[in-house]
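The following pair of complexes shares a single chain, chain A, combined with chain B in the former and chain C in the latter.
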Partner chain A sequence: MEMSYDEAIKQLREWRNASMRKSTEIVEIGEYLLKKSSMSLFNDEVWLIFEQVYVAALDISRFDLADFCMKKLKGNFPDSVRIIKLEAMQLEACGEYDEALKIYNELIERDPTNAGVRKRKVALLKSKGDNTGAIKELCSYLHDFMVDHEAWYELSELYIKEMDYAKAAFCFEELILCNTFNHLYHQRYAEIRYTMGGQENIEIARKHFSQAVKLSSNTNMRALNGLLYTSYTMTSAKSSSKSGNSRSHATWAAKMILKKYEDADVKCMTVRRKETPEFLASATLMLKHLGTESNP
Partner chain B sequence: MSASQQMSFSNRAFVKMQLHAAKYPHCAVNGLLLACKETYAKEKAIVIVDTIPLFHQCIQLTVMLNVAFTNVDAYCKAYQLQIVGYYEAPDHLHAVIEPSLFSTKVADKMQDFFEDIKLVVIKNTEVPALSSVHVFDRYPDGKYKPSKLELEFASNSVETVEHLLRRKVERDLVDFDNHLDDISQDWLNSNINQLVVMD
Partner chain C sequence: MSEPELLLDSNIRTWVVLPIVFITFVFGIIRHYLSLLMASENSITLDSLRDGQALMRSRYLRENGKYIPRQAFLARKEFLLRKEGVITQGKEKVAPPRNPMTDPSMMTDMLKGNLLNVLPMIIIGGWIQWAFSGFVTTKVPFPLTIRFKPMLQRGIELEALDVSWVSSASWYFLNVFGLRSMYSLILGENNAADQTKMMQDQMSGAAMAMQNDPQKAFKAEWEALQITKHQDSMKYIEDIVVAMHALPEDKFTTEKIPSIQASP
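Up next, the complex of A and B:
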């Protein structure tokens, strides 16, 4: 392993805090760390690492490593509900959904305030391919835990999968209310509105794309492209002032996108960009249509 | 009902589709199929020479899909290719092998640009075998049914994918989502193209 002990701990912590599903990588680093290093080197963080590596091991069917982690966890936390939940996850990993569901339902009955187990039940229904059931369960969860951002986000993803865009938009409205300065929420909300279509939705989408651009200090490429496309669509609006404004927004967005590509410093991209402008296609094309020349 | 007589996948096209599905086993992924324009015009044969991996997040949203289409289309025009199909690997391991509602809507729109659009659904449990590729044709009633065309693949496609998976090359695959997160990343995957020998 090329990483030092400290780097490995730091990396696992980053992935844990961001809830990133990098199971193969977590197992690679975690297995080496947990098996080769002496337990005396660790502080209490080791139990979080055991849990993280356990879940990652289940994800890639490394049941041997999962058992190793579970033994250590159970040894230190013999009567823990959290451990029972982790054991039920192993049943899920083996496809024994009904047994796992029984355990989750028992834990929920014992303690309906256990958010982790209720969310695990939603994940189980999702694994079974029961999106409708997962949505129903998640809605019931959100009645009790209204401020859980992760849950609102997951619910919107489920609605998007079902192509129920109006409900997905509602979820993001809740998220934006709680966290107005998150440019990613504005951008995703705008994407949903754009997908719904129609003059009014395109206008709302444009507003949120432009807010996302502003909040991200012009770095959110999806928002820049979204602003370009929505403004460009609105250049054919009936009102001449709206159409004129849209023209200038679209031009600005296109030029900003071109500038971003100029600044991105990658050799193969630079060579290809000089030969053919296909990477800048949307921006270049739209600038042409808007009657403005782009800089070569 | 297919206007084309034959359909084949080059090594590069097959490999990139499989790597995309392998890179995101927990997500639905989608992408575009590119074919040689001249071969179709002359022989009515669809030779899929390349695939462009597109998204692995919220694939049912259309804005970035439009952006991707414009960029891929410009690339195609520059290199005498055309977009002839759309592939999707469902997120659920045991999903029913049929085109999703969203993919049929995308294919209906693509029909305006190419008369014989192909929809490919990847069977997750068969990756990386050749049998993971299921092609659907559009029938006059607007429904998509399994294609009756016999698919041809390069002889060493599966071997190549397995070799690349052992070397964990799928981690280096760049889809359009990765490109939008960091525009210095190349959605054409020239580095992976070089690793794969074109048939």
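Up next, the complex of A and C:
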């Protein structure tokens, strides 16, 4: 292992703060640190490192290392809710979902304000494949913790899996309310609306696609494409003013996409030639169609 | 007029200045660990948590409502403000008056705060004044006015003495404030030996007021949300985007415009 102690600790701390799931690397570094060095070196941070390595070990089924970490943690914090939660995670990792569920229910009863345990229960139900149960649990969680945007995002993902797009759109509206300037939220919300279909939804989708383009300063390609498709669909709208506007927007979007791919092509020669022409083909086709329509 | 500098006995330095620093520092550390031991569990109830989150959600809706479709905004507004809605419920809820005298938990918190911070300062200050009185301890490097004389030169009754020469009690108080950065070096940020933060807390009673009266906060939020209307911020957004990022071929033309072309 080439890293020094300080570097290793710093790296683990970075990953911990960013909640990155680099389980293999964490286990590699963690095993080296924990088994070979004396603990007094990092005083209180060592418990956080133990927890981090424990979860990473469970992730890659290194149960021996997980047991080692758990023994140390339990030795120092004999009566802790956090430790019990970690133990239940081990049961989850072994596939004993019912046992783990029992423990989580107990913990929730003991302290309903513990957000971590409630979210853990949702994750368990999700990994069991019980989407409806997970949705129900997550809804009751959100009833109490209304402003948890990660939870809203997770709920929207679950709804999309169940193909309940209206409710997924609702969740994304919550997300947009919390972080208005995140162009990715606007883009995904627009995609959900576009999937739902229908004149009104496509109009809403178009607005949010353009908002996403605006917020990302014209770099969000998905939003650009979305704008193209929605405007193109609306060129056949009943009212003439809307279709006229849509035509100009669609033309602009198509030209912008082609231009961006031209620029990108010049920059990176490794663009896979097989895929882009198809993608561009739709834009070029639409452009041609729009051009011929406007000049009868 | 520059007075001849007083030459202080070096014993003063060894037996007064340094011990006072040492005492202040050690008592600060003791205070920090004692406060850790006596820290009360401020457990938050599910209800108060839900209330706080509901208020935040309502605030977000008010501020950013214009970025979601009108129907969505109205639906949420209705949900929050209807009879069984969270905000109305919070408004109706009659909070028990948090009278400091009767509420036991607040009483103990206040007592602990006082005991831990103010009392030692008074006791040690008084002891130092009694033990190390009658002589000049140190000189502050900047000149002061006469008004500070009784405050800083408590045990010394000399009229002609420059106010910059101070007694031990003032050296103690100087230490109390000065060692704050030392504490953060040794004990990490947010330590309990830092008294100035406690004094700041006393001045900003706003935080206390919020906890004491969630009902008022709910009422304010209810009224604010009631009058919020939905503004369609994205009416012309596509045109804005197309205009903002217009392609060169749409902006400029290569045609010759006959009217502008200069006649030779």
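Please note the rule applied: the second predicted complex is superposed on the first by the 211 of 296 C-alpha atoms of A that agree within 3 Å, B and C clash if a C-alpha of one lies under 4 Å from a C-alpha of the other, contacts with A are read in each partner's own complex, and residues count from 1 in each chain.
As a working rule, a contact is a pair of C-beta atoms (placed from the backbone, for glycine too) under 8 Å apart; a residue touches a chain by one contact, two chains touch by 3 or more.
Everything quoted here is computed from the prediction, not taken from an experiment.
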For A:163, using the defined touch cut-off, is the partner it touches chain B, chain C, both, or neither? Pick first, second, both or neither. first
For A:21, select first, second, both or neither according to whether it touches chain B, chain C, the two together, or no partner. first
Is A:6 in contact with chain B, with chain C, with both, or with neither (first, second, both, neither)? neither
Now for A:64: first (chain B), second (chain C), both, or neither, which partner does it touch? neither
Where does A:225 make contact in the superposed view: on chain B (first), on chain C (second), on both, or on neither? first
Would you check which partner chain A:194 touches, where first means chain B only, second means chain C only, and both and neither mean what they say? first
Check the residue A:264 against both partner chains and state whether it touches chain B (first), chain C (second), both, or neither. first
A:79 in the overlay: touching chain B, chain C, both, or neither? Say first, second, both or neither. neither
In the complex formed with chain C, which residues of chain A make contact? 112-113, 143-147, 170, 173, 176-178, 180, 204, 206-208, 210-211, 213-214, 218, 227, 231, 245, 248-249, 252, 255-256, 259
Quick check: in the complex, which residue numbers of chain A touch chain B? 21, 24, 59, 129, 157, 160-161, 163, 188, 190-192, 194-195, 205, 221-222, 225-226, 229, 260-261, 264-266, 268-269, 276-279, 281-282, 285
Can you name the residues of chain B that touch chain A in the complex? 26, 28, 58, 60-64, 66-67, 70-71, 73-75, 77-78, 91-92, 94-95, 101-102, 168, 180-181, 183-184, 186, 190
Residue numbers on chain C that touch chain A, as the complex places them: 43-46, 49-50, 53-54, 56-57, 60-61, 64-65, 67-69, 72, 76, 234, 237-242, 244-247, 249-250
